[in-house]
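Below is a structure I'd like to ask you about.
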């Protein structure tokens, strides 16, 4: 449970808010590279953290991310001409390069002074992992390196990336991921569907049984420089424990906890659009093998944290159609009647409201990671407000981690489980 | 004319308002029983008095009306599973019975204390007259008996019930009913359509003539414990008077005044959704005979206070299509060019705005009942605010009344007319 | 650049604002006469300056413009009956003539006093130039004569008039017109399209060359009693200058500056609907010849300041479809990829936001007329607020002016250019 003031602090991310300033100290994905693949192609609207921006790739392939309002009289640069290394406003031809410097102010007489003083607000960008990233921090601050999330370090053939619109505040999407206890319910078959009790059943069916049969996983949270690992431990057969480990990395990176060795990993990064909507930039990656055409088709149709999407990256099953809930399906076949793991998550997270009211909660032990998450980001946003800039963005290499599942004997502590599964007690992959 | 402050008091009904608290001391219809006829069927969203609620019928046929936000972390119980005597949140399986008591908190360890402390906010409900009713008053207050409106006391075959959405504040719908002077205009044929002047014409045509020919009915208002009777008297032939009597019962029950003995009665109960929309729960009943298939078909197609509806109980002719106004029809055939008495009422009431501005009115003698209504509910809401809970809900039997038409010699006072027409000076029917 | 306070003052025009009061001292076009051509025809909704009004033509052809809320209880007179020299509310039959005087209050007893005191708020109207005009100033003020804009003084066969909805504040539409520097960009072909350099090319193609080749026109602004003339001077061949002269007349009349002698003139008058939308009442007129069927068809399809419209006078290419921008067309054929001069203007003006933020501009020399416009109307609105009513509405004859293009030798001052082109240094046409 949060106070109303803390809930405001957690959820508001415009430029004039503490959490908005905190987010702006981290690199944010802002578009798929596929959206701006063509030099001098059409500009793209980007709405991020309450700001209206425009994205363009110039003649030389460089990418600019500018405030959408032209500095002259505020016309929208989205309607601009992307030509010869600059984006040109069509009202009076003011043209800006990717750094926001004026390249041409054709209706301004020489000596008017504007050539030196005018600048379009521009944010630094980087391409990484199939996404375009931006850093929207204050101009006087140093720009940190890109977070070395593993999906961006593997070859393009080893990953699948996209984005999806969530019609609610960013924080409840983050919380939905950190709380892996909900797997025992939200993503299960209907209770009347029997679990396969054969000890030699395929892994997926055995996992289902363990998850369903132990709805109160014991959580261990291991904090570190850029976030924390959450281990959720459930009873399996033969005195073993089935562990699911999720990586949370500041401010809004999350992962799916299911992958056994060799399986494809899932993760995502949340970026607020407004306080009542956000993008999930989603990714699947497999460091050990390429993601083949068949798996790629499956991901494109919606799989894991990736929803089935329309051409504007809005999930087909969304708020407007009650996420396609099928009550007969809910009664007899699945727990929710909603098709798709990502859609099930979207349904429940958005059902908490556009901005969840955290003043009336009743938290329990399986919400441990949620509590930790809130404390971590609220404290950090307050610290920044008091003048203490975050260290996390500078530990870029520590973002290269893996999540996943593992078995261990009863009593094995999380760090040993992690060591066994990933060769590192925090699941970190060395960055060469 | 009201002051701006009184208009606010009259029209605002959220939980933190005096009128909202006043409404909450009375039973409110919240759904048709047809909407929740199936045990363990799909939950139903109910938006009433600014609150978001969910309705479900459990395995044993009991009905629960709960706050929609799950007490755990606010997920929407509408998406929940209705199973084995409880509604279960699909996020973490919290399950509540119709009283809001937790039946299962599967992710909560024993001894965590939540099993005793957690409760879903639940409102008492009753089935009556084909509707589900709820009492949303404070927990510490005593729950009064159900108002014994006559349509609910006759056999199901003797009534027809439904509901319709009104896209405006509740009070202007109420006022439209209390002011029966508007029958001389709104519901008439075009002035160019001649009235049948034959003294032996059928009753309906004679009524039309009297109503049209006397546009200034004299109103008598007779107050009583749970509201008032309004008698509107018009000149008929042979020194007779044609009386139309409407029942107003606190806080928002109204009736149609047309019925002659043997004819079907019409009534409705208004329940605010938000301050800018409300439900009319409408009913037709005939204590003397069953409502046969033909009359039932006629009611279903829209008749009397019942509009032609779509599958979501929204009138087909509504704000978005200017109520289907046909200007040629208005010029030559009907007063409004809008088809249907209910739609004519809806058109004019909604045309006053989402919340009518009562600070700029010019009332006249035929608005007497409106003035009385406002004074009655505003005074009562203020009294409750000052600590004086209303008596009216406790006089449940006095809600069993009839409205209708009658003839009387000039000079007959209302109470004698009522006595002649209904055998009681207030139109009350004894409750056995 | 304006202060936030001045931007508010400039853009807000409801009745309780200084600019709203200023507008109300001038006649405003409120409808096309075509919309109310039929005596006793259907009433028409008019939303102007934040007020909800209803327009009707009575049995004798007189036009009434009344507040839409009936004085009785606020029912909407749009649903009223237009009959026998009055508009009748269908709730209780209250009927008002074009002056707002009650002609019938059929449910009001004689002697109730209302017959003398009740009045529907009515605004004086005049027919002029194919439009209906209204004067919405205070009742105690004198009503000025109609502004004698030339399009209204020529025969109906010499003009074409319509209106179009703009989804933004009125002032940015006005500013877009006053700044003719944007012709060198917004309305040009794509830069890759060569200009015709043949000195004997048709006038249109030569104009294009001069406009494109001199993107920093020198502006001269000549203020006068009812506005100002703006002359924009560009280099042409042979030491000549190409001048484009625009008329701005208080508070919101503008013109197209292209017409050479004999060509059809274009103009418009802006009327705020709300602060985030406005009507442009547009007109083309030719005092020297009739506008024939072919030119009329061209105008109806969208030409000059007139956009291609749907049946509700909303441009077909509008905000909701990004003004039909075609990026391929923008790259290879036109500067904007948007079809139609009016649509290009609408696109760029609306792209500044629903209400442009003028606190962050960087103005340059070609914005001279915009600066003058702002100072003129802001000062005048402030003066009115201080008790100093505007003179301009009383100089009705001075509104009869012409805009257009001309050539002159380098160094010729604006007033001489005007004298040469129009026979008057301000482009005024004597009113007989």
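Going in written order, the chains are labelled A, B and C, and every chain counts its residues from 1.
Here is the rule we use: a residue touches a chain if its C-beta (ideal position, glycine included) is under 8 Å from a C-beta of that chain, and two chains touch if they have at least 3 such contacts.
Since this is a predicted model, take the numbers as computed values, not measurements.
Colleague: Can you list every chain in contact with both subunit A and subunit B?
Modeller: C
Colleague: When subunit A meets its copy subunit C, do both sides use mostly the same residue numbers (more than half shared) or mostly different ones?
Modeller: Copies use mostly different positions to touch.
Colleague: What is the size of the turn, to the nearest 5°, that moves the C-alpha atoms of subunit B onto the matching ones in subunit C?
Modeller: C-alpha superposition angle, subunit B on subunit C: 120 degrees.
Colleague: Roughly how many whole angstrom separate the Cα centroids of subunit A and subunit C?
Modeller: Here subunit A and subunit C have centroids separated by 49 Å.
Colleague: How about subunit B: which of its residues touch subunit A in the complex?
Modeller: 40-42, 69, 71-76, 78-79, 81, 83, 90-93, 105-109, 112, 114, 117-118
Colleague: Would you mind writing out the residues of subunit B in touch with subunit C in their complex?
Modeller: My answer: residues 175, 181-182, 184-186, 191, 215-216, 322-323, 325, 327, 330-331, 335-336, 338, 344, 347-348, 351-353, 356-358, 360-367.
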